[in-house]
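Working notes for the structure below.
Chain lettering (A, B and C) follows the sequence in which the chains are written, and residue indices restart at 1 in each chain.
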Amino acid sequence: MSDLPIKLSHVSFSAAATPILRGIDLVLRAGAPTFLMGPNGSGKTTLLRFLMGLMTPTSGTIEWNGSHDPAPRRRAMVFQHPVLLRRSVAANLLYALEQAGIEKSQQDKNCTQLLELVGLVDLADRPARRLSGGERQKLAFARALARSPELLILDEPTASLDPSATLAIEQLIARAADEGIKIVIASHDLGQARRLAGDIVFLHRGQILETTSAVSFFQRAQTEQAEKFLRGDLIIER
Amino acid sequence: MNEGSGALQLVLSGDPALYNIVRLSLVVSLSAVALAALIGMPLGGLVALTRFPGRALLIVILNAFMGLPPVVVGLAVFLLLSRSGPLGSFGLLFTPTAMVIAQAVLITPIIAALTRQSVEDLWVEYRDELNAMGVKPFARLITLLYDARVALVTVLLAGFGRAAAEVGAVMIVGGNINGFTRVMTTSIALETSKGDLPLAMGLGLILITIVFAINASAWGLRLYAERRIG
Amino acid sequence: MNFLKIVFTATALSLATFSSVCAQDKTITIASTTSTQDSGLFNHLLPAFKAKTGIDVKVIAQGTGQALDTARRGDADVVFVHAKSAEEKFLAEGFGVKRLDVMYNDFVLIGPASDPAGVKGSKDIVASLKAIKAKAAPFVSRGDKSGTHLAELDLWKAAGLDPAGGKADWYKEIGQGMGAALNTAKAMGAYLLSDRATWISFKGKDGLAIAVEGDTRLFNQYGVMLVNPAKHPHVKVALGQAFVDYVLSAEGQKVIADYKIEGQQLFFPNANK
């Protein structure tokens, strides 16, 4: 069963009377990576959590391929700070495979493939919580792929990584996209967006200001806020 | 000191009666911990992960029952197991089984309440990841209990310490029968009442040593596990 | 889930151990008094009984009142206690089959070596209690409805006094067994009534001494009863009766007479044949 397309209609969300997202209308279909861009506090992470089905909006509706059931079927998420289980690297992957309903006989094989893909074969028996930042992110990425998703949601996947680890993660993202996985990334790394993005959703103060292809976004943004964001200005005024 | 050398002599003499008393203490209290864990851990985990009416009240009750007076638990189990009580036909009163039941009743709230706390803390950390992996409620409970295992060792120790140290409940339901239901704490009470205070103190030192040794090994296990598991 | 497996296995194993312990069924339970246990009589008597009959005896040592209650609830097969009036009440209620005298010893008034009431060497227990009251010397009472406690109350009554009802501050009811009462009296420098057997075997005598002994009113009779199977059908009649018969037999009576601590005989068999 598929999770795509995802359709958000008039989705708003407030926490303690503070509006976080306002009147979001968005449809996500299979295709090139979509980048959610915008300054800190613009609502990117919250929007990702709605896409993943982890939160219920204050108003509005979300449909995954026409269904309102938020249980993830073919989607997976890598959080900005992934929480790894208190087990070995391999056990983390086996756990995700088990939960994704992969047959027991297949799990070991899949696990080895994933470890090879992200380059963690040598660390298979290492406690996951003892990994470095880059290794953790790779493991979280492999764990998300264990669900064989058609939609992969990534929240600032390289925010605190060094350049070599960032490169490794970006290669994994590009490869996943090439294999037909729809990628949605929240990021404010403009360089990364230029390298990977197919289209851009620009968020500002909980509203979508622009939805456009990456090419046109970087050539000529439609709004003043996006212009400023692209210039690297701090956007403070409404 | 007199008392210390008395205890040392007791241990060195390898007195089989003493050995049996120590063995029974360990068997009874460890069995009680196992039984209480079997009930208390899933219960604590369930309370941590589910929302239902009266949940807050149940948590308060569990926390309050961590301080159940052993003698009251002993009396309640006594009344249940006595030949004139509702479970009298099993003939369990004044047997080690009765002592296990009483201690298990005593420490199940401790294990349940501390498990609930550990699991709930871990759930806050794991919630998004597990939901994103589509983990079902039952698997969620098992996952959290397993990943909280290091903390749960400490929970078991707390239960064991309480069980091994109490005298009120086992005295009432066990009857302190020589060679059958006599454990460390009831021996200490008996020797005290016989006026043999050095022997009572010696037995007390042995009990403390055993509890210390078990705690030390569990702590070592925990350090090792933390290094391995992270 | 190795962890859960271990917990489960441990439980299963321990329960299995217990069921095998419970399976050996040639045992009886006797509700008796702290004096018979604390004095060591049972450690002397029961091995001889077991050698003769092969029956294991489990002893619950309580105050006489509590021991009779244990039997009333059906949690013992035989009672072996020392408070004739309470035993006869138990019998009248139908809980016992028949009460039989087994042995006696006597009570002694124990007091601090300093003897503040000046009763040492007296052979008149009633006059001595009056002297204690007159001096308001501290007195520790078992206060637990045991045979010794009931005997003590009878003696106060004989002296025309009621310190238990009068809230006298020199009179302390501690609600504990004989040994605990002796420990308390020692710590408080108080007088108390004890059975001689417990006193002789008590390990912490220093500072305490016998003040009054030898009065016929200090006589302490022990009786044995089989719990009535008509009230509690699970009572092990044959095994329990074997114990009753044994302690009343010439052989059992001799074993009781032979029990000595430091050369002193503690119990004097007096079964009526």
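Throughout what follows, a contact is a pair of C-beta atoms (placed from the backbone, for glycine too) under 8 Å apart; a residue touches a chain by one contact, two chains touch by 3 or more.
For clarity, every value in this text was computed on a predicted model and none was experimentally measured.
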> Measuring centre to centre, with centres taken as mean CA positions, what chain is farthest from chain B?
Replying inline: A
> Can you name the chain whose C-alpha mean lies closest to the mean of all the C-alpha atoms?
Replying inline: B
> Counting in whole Å, what is the centre-to-centre distance of chain A and chain B, each centre being its mean C-alpha position?
Replying inline: 46
> Using mean CA coordinates as chain centres, what's the chain B-chain C distance in Å?
Replying inline: 32
> chain A to chain C: how many Å between their CA centres?
Replying inline: 78
>> Could you pull out the residues of chain B that touch at least 2 other chains?
In response: 149
> Touching chain A in the complex: which residues of chain B?
Replying inline: 125-126, 128-129, 131-135, 139, 143, 147, 149-150, 228-230
> Which part of chain A faces chain B closely enough to touch in the complex?
Replying inline: 49, 52-54, 71-73, 76-77, 79, 82-83, 85-87, 95-96, 99-100, 127-130, 143, 147
> Which positions of chain B touch chain C when the two form their complex?
Replying inline: 27, 30-31, 34-35, 37-38, 41, 82-85, 88-89, 91, 93-97, 100, 142, 145-146, 149, 152, 175-178, 180-181, 190, 192-197, 199
> Can you list the chain C residues touching chain B in their complex?
Replying inline: 1, 3-4, 7-8, 10-11, 14-15, 17-18, 21-22, 29, 34, 37-38, 42-43, 58-61, 72-75, 176-180, 182-183, 201-205, 232, 234
